[in-house]
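For reference, chains read A, B, C, D and E in written order, and residue numbers begin at 1 within each chain.
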Amino acid sequence: AAEAKDPVVFAAASLKNALDAINAQWKAETAKQATVSYAASSALAKQIESGAPADIFISADLDWMDYLAKKDLIKPDSRVTLLGNRIVLIAPKDSPVKIDIGPGFDLAKALGDGRLAMGDTSAVPAGKYGKAALEKLGAWAGVEKKIAQAESVRAALLLVSRGEAPLGIVYATDAAADPQVKIVGTFPENSHPPILYPIALTKDSSHPDATAFLAYLQSGKARPLFEKEGFTVLSKPVTQ
Amino acid sequence: MSWLELSPAEWTAVHLSLKVSFWAMLASLPFGIIVALLLARGRFWGHSLLNGIVHLPLVLPPVVTGFLLLILFGRRGPIGAFLDQYFGIVFSFRWTGAALACAVMAFPLMVRSIRLSIEAVDTRLEVAAGTLGANPVWVFVTVTLPLILPGIIAGMVIAFAKAMGEFGATITFVSNIPGETQTLSAAIYTFTQVPGGDAGAMRLTIVAVVIAMAALLLSEVLARGVARRIAAA
Amino acid sequence: MSIDIDVTHRFGAFRLAARFTGGAGVTALFGRSGSGKTSLINIIGGLLRPDRGRVVIDGVTLVDTDRGIFVPKHRRRLGYVFQEARLFPHMSVRRNLLYGRGFVPAGERVAVEPIVAMLGIGHLLERRPAGLSGGEKQRVAIGRALLASPRLLLMDEPLAALDESRKGEILPYIERLRDEMRLPIVYVSHSVAEVARLATTLVVLNAGEVAAAGPAAEVMQRLDLSPLTGPEGTGAVIDGTVAAQDERYGLTLVATPAGELRIPSVAKPVGAPVRLHIRARDVMLADRRPEGLSALNIIAGVIAEIGSPVGAAVEIRLDCQGVPLVARLTRLSLDRLGLAPGRTVFAVVKAVSFLPEEPGKREGSAADAAD
Amino acid sequence: MSIDIDVTHRFGAFRLAARFTGGAGVTALFGRSGSGKTSLINIIGGLLRPDRGRVVIDGVTLVDTDRGIFVPKHRRRLGYVFQEARLFPHMSVRRNLLYGRGFVPAGERVAVEPIVAMLGIGHLLERRPAGLSGGEKQRVAIGRALLASPRLLLMDEPLAALDESRKGEILPYIERLRDEMRLPIVYVSHSVAEVARLATTLVVLNAGEVAAAGPAAEVMQRLDLSPLTGPEGTGAVIDGTVAAQDERYGLTLVATPAGELRIPSVAKPVGAPVRLHIRARDVMLADRRPEGLSALNIIAGVIAEIGSPVGAAVEIRLDCQGVPLVARLTRLSLDRLGLAPGRTVFAVVKAVSFLPEEPGKREGSAADAAD
Amino acid sequence: MSWLELSPAEWTAVHLSLKVSFWAMLASLPFGIIVALLLARGRFWGHSLLNGIVHLPLVLPPVVTGFLLLILFGRRGPIGAFLDQYFGIVFSFRWTGAALACAVMAFPLMVRSIRLSIEAVDTRLEVAAGTLGANPVWVFVTVTLPLILPGIIAGMVIAFAKAMGEFGATITFVSNIPGETQTLSAAIYTFTQVPGGDAGAMRLTIVAVVIAMAALLLSEVLARGVARRIAAA
């Protein structure tokens, strides 16, 4: 059924807004559309491993793409690093807190006895990046015991916007969309591994339109829609 | 209230959820009855083991159940490959797979309901049917089954309700493919994962609640009707 | 028709070891609570598999543990009427009645209407069992068993859950099964009155063993059984025929070898067989033919046996032209009248003390209702 | 002690409208199935709230719908013994017995041992109800109700679920409550034998209405009630005292205003009150004093009333020195003897026909067991 | 079998899971009994509505339930703020919050079990207790409660098992803080989210299965014992 009509894209859940918009625009232009399945990158990768009918995989981090690459389940020459993102420190919008993020900054003091909301530091990409940044900046040891690890970035965002946690670390893309929070500061790009969203065709992809959609995602027409959601578009524009 | 209006894609998810839940409920029913019968009446060695296995989906995180399903029933999994080759039944990334996941997750609840009603049946009526010439299968069909109908209805409704809410195992097993495996719950989940998705999540949640409430109400009405029909003689 | 049972079975400390044969008519299993009646009838019905033994009905072996035979209950073609009617609550009376009929080969099915009419349940067919009275339920249960065309009907205290007047309602139907349908019946009861009225063959069970078995009339007059049957138990069963009907006084004259007896009228034609149960407690003895007494029946007889006294009472068996009669007197009367075996005495029995006194009346009205 | 009831209540088509008063001793509610006995006793017990009316026990108003009074059942201090014993299955017999005792103010508690001994349940205390026989269960249920120190005991067919011999076991205990503990009892039954034996006051219910109410002896001899009480129902209740014990023949001589009567021995001292129930079916009439008859009791009396015939039978009420006696004869005998009101006749009653014949015997043995 | 050995952190998760599930089960028990009583015996206007609300956690995706809990019971939520201010009860980021989430998710299952057993009680025994002088509360405590014990045990065990498996609502409500709110399920979930975490997930899954099986077995033994004690008199 699924492989009959449209190319199938397996995409990390955090891409939903941008991809839905791009997909709609592609349809308007070409009368073709992609079917997008949003879930956790981990689940998507394992599904592809067990023969899911996906043509394109967009992971929220490099690990799960590497996982598939190692198992020879993607077409290596189609792999492109499509997007970049930033992580930011946020607080509820009425919070008076002011911090300059930099080496040795005292996050623990700013937290007080509150907790720092972030994605699961071993499972959720944003959590992993946040942990790396804090370590790099020497703030990890002070807050390690005060982390609230959320199941997703969105859950971490909610914890801050509901005032459960005084501070949180989320993607810039998420922070921008929630009026209940304000961005206290952005982590320096060099404080953590680059936040990258790789994209590739799967090994079994045979849908004639898959390559076209892959190209469209990298095209100038898609770029503003990604940027509108706060992503940085890293791949060079492909002309169709 | 225009934010309450569903997009076509959301209508698809609603429709799919109903289909998936309905078939999950219906297809697991015979197995539910058989297992409930075994647990209620059977005296065999692996009784406790069977009881344990039936309850597993309740105990395990849904994601784990989903992964186990993927490993077993996926296209490359031992059972999945077998069913595909010999019967042409494919679960992976089909709505049928979503139904399987929901059925598995709802199974312990269905079995519990039916088992309790079987344990309440007056076995003397079954004996009486036997003396009238009915063989055990016919006794079951004409006496036991009608008498446990309230329990079966309750089991079906709770399974249906659970299936409407299930997404952890489903999304892990068959992904979240709109029109194929994206149920209402998965759609709600997707909304919760992106900025600004709250309104959408809320809208779909209301739809889910309305459907489930309707099912519960219906089951109460049905159960009351059946109970009246079979009031103790 | 023959019933041939020889089984043993053990439940913990209780041991059933029963051997008897029965034939046409009603074979009554009588005994106290816990004597093993239900266990025995369950073995016949296939509800219980005996440890050892044989059950042969009409030459067909249903159970033979030595040969490994055990016919399952649904293949035995035996009707079973339980103490609690066990009607299917989810079916109408009609569907209850027809339940067993589908399993009967087409040629052997019995017609529905006559049975419905006989049991007087025509007006209940569309009702649900839950709304029926106890007596109605039990009549439907009997109809249900009959419509399965059984070779033999098993009844386990079918009246025990009913009050007196309901019992009176049902008994005539059972008599009709015996007399009109000629259906052999194994009937469990601990009521002497029921057994006296219905039994052709009587099997008395005591603590799992057969204490006595044989034709009902013979077994009932045995004085040594009265500890088992209880003080209301002993009595005589006399089979006679209707000699005349006395319309004016509402009496029926019954001819017996011991002479004619008057009883409250029974709706049967002249010449029809009638069974009379005369309880020992209702029989008075006199050393001369009494005069000016209201009792209508005076029977001459010879004292055949004097039982051993129980408390103040003692039972005496008479032989009245071959017809046995049992009387219970006080020991004082025995001495006062100087009674001894061989003496001729006159037994006095009131007409109104005949059992059944009301069912005869009710039978007519029930039959009317069934039409 | 007084019981004062005047209530109406409607269940669909059934309408209960009962008004009567009772006093000390046993007030029996008698009537057919569905006549409203249970509804009435439930209203007294507080299990059912009547649509309208008053229930006053010993001057305490428990229900008065006009004044809005309805004392909840747990504050009524009435013991209730149900047909099914309703023992708490999760408690030992001992804990069942003591259940209600904690709610009684310390000063009003009754001692446990005498009641346990009286009911003969001492050996059961540590058992669970599930393992008890029906008779044992019912004795425990009675004990449980008694230990709650009730002002009045309500019993709804407490023997109906028991077989004959178990009934015989329990009846003497109820008599002891009445006679030794002097506990007022409201007793529901549709058994004439029980009512005759126990009732001080008899209330006959018919289709929700009180058909007759008054002292038991008076109500029972009323010939117009026999359609309600059934053919076994009418009879006379005679209160007498033990005049002498005849050890040799196992008889007791009872002095009554109508003369001395001989009955199977009753274990009571000389002078103790005894109640005799003489059923109409057991009474024969003679126009002259019979001779050479085994019957020990011959009572002279004058015909007071001849009832209307039912079938072959007719009931006749005698006046024997103020003591009433009822006989049932065939119409034929009536004509043959030419009986008419005012004539003197002789009533013949066998000693062994006295009810209770066995409980007397059992009472002794049960009492032994209880010691 | 050294891969079966648990790290200290995992032991902590096991211990925490047991604690959370135990308290979730125990703390919801009184409410479960009361709601089951209302549903089984009550005749009131909002009967069906109450029934529907009780079933909501079953119908909704656990994440949504988690969000709703956060909104209601969070530090700034109406109920959470109230409880914090007047009773000093705080749920957010505490194991108590995990227990609350598990309790809410398991609640419909517990109520079902208890409700069925209440419906099976012979009310005539309660009436008998009343005639002996016991007021309604005491009747409930001394008669009804012991008689529904098997249903209560079954309800507790199924609630415990469900609590062991719950993580969607928990992690959303109180996050995943090792030693405070990271239950076994959450730990398993975390393992499934990282490449190569399968062995760890498998190991913890086995632990979860063993615990749940033990609970089920125990409940069967208990229920059988109780049933024997209260065998119909």
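In this section, contacts are C-beta pairs under 8 Å (C-beta built on N, C-alpha and C of every residue); 3 or more make two chains touch, one makes a residue touch a chain.
All values reported here derive from a predicted model rather than from experimental measurement.
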Completion exercise
Overlap of the chain B and chain C neighbour lists contains none
Handout entry: Label of the chain whose CA centroid is most distant from the centroid of chain B
Key = D
Practice task
Determine the centre-to-centre distance between chain D and chain E, using the mean Cα coordinates as centres, and give it in whole Å.
Solution key: 55
Problem - Centre-to-centre distance between chain C and chain A (centres being mean Cα positions), rounded to whole Å - result: 89
Handout entry: chain A and chain E: spacing of chain centres that average the CA atoms, whole Å
Key = 35
Exercise for the section: For chain A, write out the residues touching at least two other chains, lowest number first. Expected result: none
Exercise for the section: Quick one: which residues in chain E touch 2 or more of the other chains? Expected result: 63, 67, 168, 189, 192
Practice task
Spell out all pairs of chains that touch, sorted by label.
Solution key: A-B, A-E, B-C, B-E, C-D, D-E
Exercise for the section: Within their complex, state which residues of chain A touch chain B. Expected result: 1-2, 8, 10, 13-14, 16-17, 35-39, 43-44, 46-47, 50-54, 152, 154, 157, 173-174, 176-178, 229
Exercise for the section: Write out the stretch or stretches of chain B touching chain C in their complex. Expected result: 124-125, 127-136, 139, 142-143, 146-147, 229-233
Problem - chain E-touching residues of chain B, taken from the complex the two chains share - result: 48, 51-52, 55-64, 67, 109, 112-113, 116, 120, 158, 161-162, 164-168, 185, 188-189, 192, 201, 205, 208-209, 212-213, 216-217, 220
Completion exercise
Seen from chain C, its contact residues with chain B in the complex are 45-47, 72-80, 82, 84-90, 99-100, 102-104, 128-130, 132, 137, 144-145, 148, 154
Practice task
Could you please specify the touching residues of chain C with respect to chain D in the complex?
Solution key: 32-33, 163-166, 190, 230-232, 246, 249-251, 262, 264-265, 281-282, 284-288, 290-296, 309, 311-313, 327-335, 337, 348, 350-353, 357-358, 361
